[in-house]
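The same chain A turns up in both complexes below, where it pairs with chain B and then with chain C.
Here is the complex of A and B:
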């Protein structure tokens, strides 16, 4: 009997506060954000949380298994497949980031000059980024599939023996990396070109007055000005490379003998090929942790500088 | 009128509009629901583009004959088929009925998604219609003492040869594995190879074909992995010997099945292993391609890998009786899938196999008569099929095995690797 009036009073006061908060106009931003927050919770937070929980259990997507604690993670750490996928993902990311950055920077510097047909080249160099991955990678496959393919015709014209790019582990790894660099450099080029055009010309004029050579201008004026954008670009490219499914899948399906299987392909194979959703989720979360750690370290170092 | 009254009036008007819209919107649905039961039928793409048209037409024919049941046809691509079905089932939007590859029904049944069709089998038996199915088809789909699906098509792997290349090399059509090895060696010249294989799932079929042809099998009778039995090892060594001879195209590891088929059709290899539809899809080159007779292994065994593709009913269906009606009708009337749809599958019904259209296709008729009776599943030497087979075939352990075999690596270590992976899949 004594509780009810108190609760009613509390509810009334809660309602009153909510009304006054709403009337003050402070609620409006939250109300406007609410649909986006709900959407993000539904499409990002919920699947992520569900995936995280799957990592601690056995079973399939249709038939949940039992809770096994850290067993999936411990199994992964002892699995040669996982260790290889981790190694290949790192190799893939390092070579691609360096390759596409160097190529992108070189072309951006070139496109920043007053070269003939600059407009045409700027558009043409974007093509690898624009063409859908299925089209470009299948075309690459045709060019290197066997002894009759274009690359081997060229090698043959110089008297060389055919190279079976997709049948040999080392060549397949090189092919996946080269194609990824080819697909990635336009983004680097475009972003760096935009940054280059934002550099104050007076810095170059001052450097020239001080007698700086073109190389020293690049080293002491251009590169420091590009440092922040370069860090962001390299971070983004690392994330995109580690998460790249299209390039290795469409080119080699992770073969030969799993040589080009990265963490994403391994998660896919465990989840849908082996039907072991716990193991697949564990791979995904380890990938996420690695990427998050990398982002945190890089951003912290950038802030310290 | 006061502001409050106007607000009430507006509210009432809105409610009335919503109610009217709902009534208008629901009215035709209610009427159509009362008129006919709607079924969703998901069909995998079992042939060239005309297959889909033929299947749609057939569904239209059923709908015409059964106005009380209206079937909606949806063609499902093979890419990510498992994800497609799993997502649909877990979100409660599974079809009422679907076709699927060899082990789909048993795998989904094991996860509680498939409705057994024991009653349909009993009715077909009572009608005498069950005898119309080829031997070794209906019982292949029995698992856990239940029939989980009805067979509709057979996929099988057979050896094909290039008539022109054998003729140029002066080699007769091989009938044993020993002769195949010699013929492959003899036809390897001038940049052409005796055998072209692939490194994808199709590549693993070479392994299954070899072990079954040699009287081996992946499993023991009690479903335990038996990869390293003597017959299997002998078969793997036979394939490795052909690689060592230089008779297998070095591009095989990196090829997928489309690449392999294209290379064979271009005349870049004398032999390949493929499905029965290869000749029909070879265009102008069809005249140069023949089917080898079933090869005798070193111990005289003859066998190959086959899959009984099937049609299954989902637990989520709200209309099991109507689905049953459609299932039986579809099974009995599916001849146009071959005559108009040009499916690469082989029929599982004797009445369809006996049709002139099937008989006139010499290669297909030959495969039906000579290969289907010796077809065995991946489950061999266990009886029937079981859910883990889908993971065994889909996980890629045997693909990696095939890739390394075509690379010329020694058999011992690659069998060990494959065994470790398969045991991990099978949780042994």
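Here is the complex of A and C:
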């Protein structure tokens, strides 16, 4: 008899304090964010910490190994495969970002003019971006698969000798980059077009009054206005390219002779091919560090300006 | 909008230039669709680019001899469920980002950036080991969980952009009338953002439907494979059967195209606003 009211009183006060917390207004943002925070902890934070630990140990997908300190990282630094993957990731990112930015900007400038059926073109030029990676690779592979494929028939018609796009190392690298540019430029075009349409018209009118040519308007009005969005877009594209698995894997599986193997493919091969979780985790952790360093440097520079 | 004094001749020359560019750019896709109506023998022996003697043989082969429909069904299930979960979670988080300030919200915004640049391979290794002990390998659930998180930054930024366009006065009025904050969100803001939520949903669906990497790691069994993984299996098994491969790829893009037409006018919303506002 004496216990029950006290307990009820306790739950009551717990409820009351919960209610007052909720009423204070601090609770709602927390509750709104709670589901996504839980998911991010489980799918991003937990693997990030475990992956970090795995990087310092041996072990396979089936059973954990023992702690080996910096051994995996030291092995990587001496491994030609790793250095090549690092180099290819860099090359892949630089060429793709430059390629898809230039192409995207050119098309955005073209589409920002008064063209009939502009809406149609805006949709039609986005197709390479929205088709599934597997579909784009199947369609491109057919055009460059062997000496009888379309590209080689065209080269043959002009009297050239066939090019083995997928079995020659340099051509395979070029092919992966070209296809990646093809898959990425629509995003650049779309975002830059939106930015172009947001530029204040009066700036152009003022420039025209001062007698600026079209080129000078582009150079001194358009480009400075696009600066910030361009930096953000190129940063995003760099991240996406470094993290790209689909394009090189589906086209060449990293071959020939690992020529088109980037860091992600290497981590995948070490982990799921060689069953070496330690090495695979070390490679993917290095990838994360590189990307984070890039983002921090870029954002800091942007804030300073 | 555009430069004021454009002559008709200039407009139409630009038009034809864009027609040419569009054709060249989409050539791989156009050829793929045309080739899917040719048998592999016709493809190999053909000398012109344009197809002749169209046939449905490849499609019949896909229907009779492969598990194409099973793959398609798996893709729809995985994408459907992950769309609903990610849209719901992103709507809640997007509302918090749109209406509240404070350390929690700022910290969360930063976390979204980390998710955006996270090399997913780093998550796949520990999760593969974890999911194996939980028996989640070859289960659609594994892929659904990952997709939900991977979509989170994009979907949240987009949701936030939509909520930003809804005037706060509407909620304030509801609060005065005795509605709770959350009640105002559910009764006032959500119904108004119907089209926005639909766009977020279609985006998430497209991402999941197109995704290859995660599905390739977790779905090893034919009965659970999604389409992109299933097609790579065709690619390895019948590497020279271009006809069927093209037909499978063509059928795969049909849902993509249909959904894409539904959202094309929303597309710049999330893509740009997320990146710029942060």
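Going forward, the second predicted complex is superposed on the first by the 279 of 305 C-alpha atoms of A that agree within 3 Å, B and C clash if a C-alpha of one lies under 4 Å from a C-alpha of the other, contacts with A are read in each partner's own complex, and residues count from 1 in each chain.
As a working rule, a residue touches a chain if its C-beta (ideal position, glycine included) is under 8 Å from a C-beta of that chain, and two chains touch if they have at least 3 such contacts.
Since the structure is predicted, the reported quantities are computational estimates derived from the model, not experimental observations.
Aligning the shared chain A places chain B and chain C in steric conflict. Set side by side, chain B and chain C differ in how many residues of chain A they touch, and the one touching more is C. In the superposed pair of complexes, A:269 makes contact with chain B only, with no contact to chain C.
Legend: residue contacts after superposition of the two complexes on their common chain; A:168 is shown touching chain B, with no touch to chain C.
In the superposed model, A:291 lies in contact with chain C only, and not with chain B.
After overlaying the two complexes on the shared chain, residue contacts for A:257 are found with chain B alone; chain C is out of touch. When the two structures are aligned on the shared chain, A:54 is found in touch with chain C, with no touch to chain B. Shared-chain residue A:223: touches no atom of chain B or chain C.
Once the two complexes are overlaid on the shared chain, A:102 sits clear of chain B and of chain C alike. In the superposed model, A:147 lies in contact with chain B only, and not with chain C.
Comparing the two interfaces of chain A, the one with chain B and the one with chain C have residues 61, 148, 272 in common.
Chain contact summary for the complex, chain C toward chain A: residues 1-3, 6, 11-12, 14-15, 17-18, 21-22, 25-26, 28-29, 31-32, 35, 44, 47, 49, 89-90, 92-93, 95-96, 100, 102, 104-105, 108, 111, 113-129, 132, 145-146, 148-149, 152, 156, 181-182, 206, 209-210, 212-213, 217, 227-228, 231-232, 235, 242, 245-246, 248-249, 252-253, 256-257, 260-261, 264, 267-268, 271-272, 275-276. Looking at the complex, you find that chain A touches chain C at residues 25, 28-33, 35-37, 39-40, 42-44, 46-48, 50-51, 54, 61, 107, 110-117, 121-128, 130-136, 138-140, 142-143, 148, 150, 153, 182, 187, 190-191, 193-195, 197, 204, 228-229, 232-233, 236, 239, 242-243, 245-246, 249-250, 263-264, 267-268, 271-272, 277, 280-281, 284-285, 287-288, 291-292, 295.
Of all residues in chain A, only 60-63, 81, 141, 145-148, 162, 164-168, 172, 252-258, 269, 272-275 touch chain B in the complex they form.
Per the touch definition, chain B reaches chain A in the complex via residues 80, 82-83, 86, 89-90, 107-108, 110-113, 191, 199-200, 249-256, 259, 263, 268, 390-391, 394-396, 399-400, 403-404, 406-407, 421, 425.
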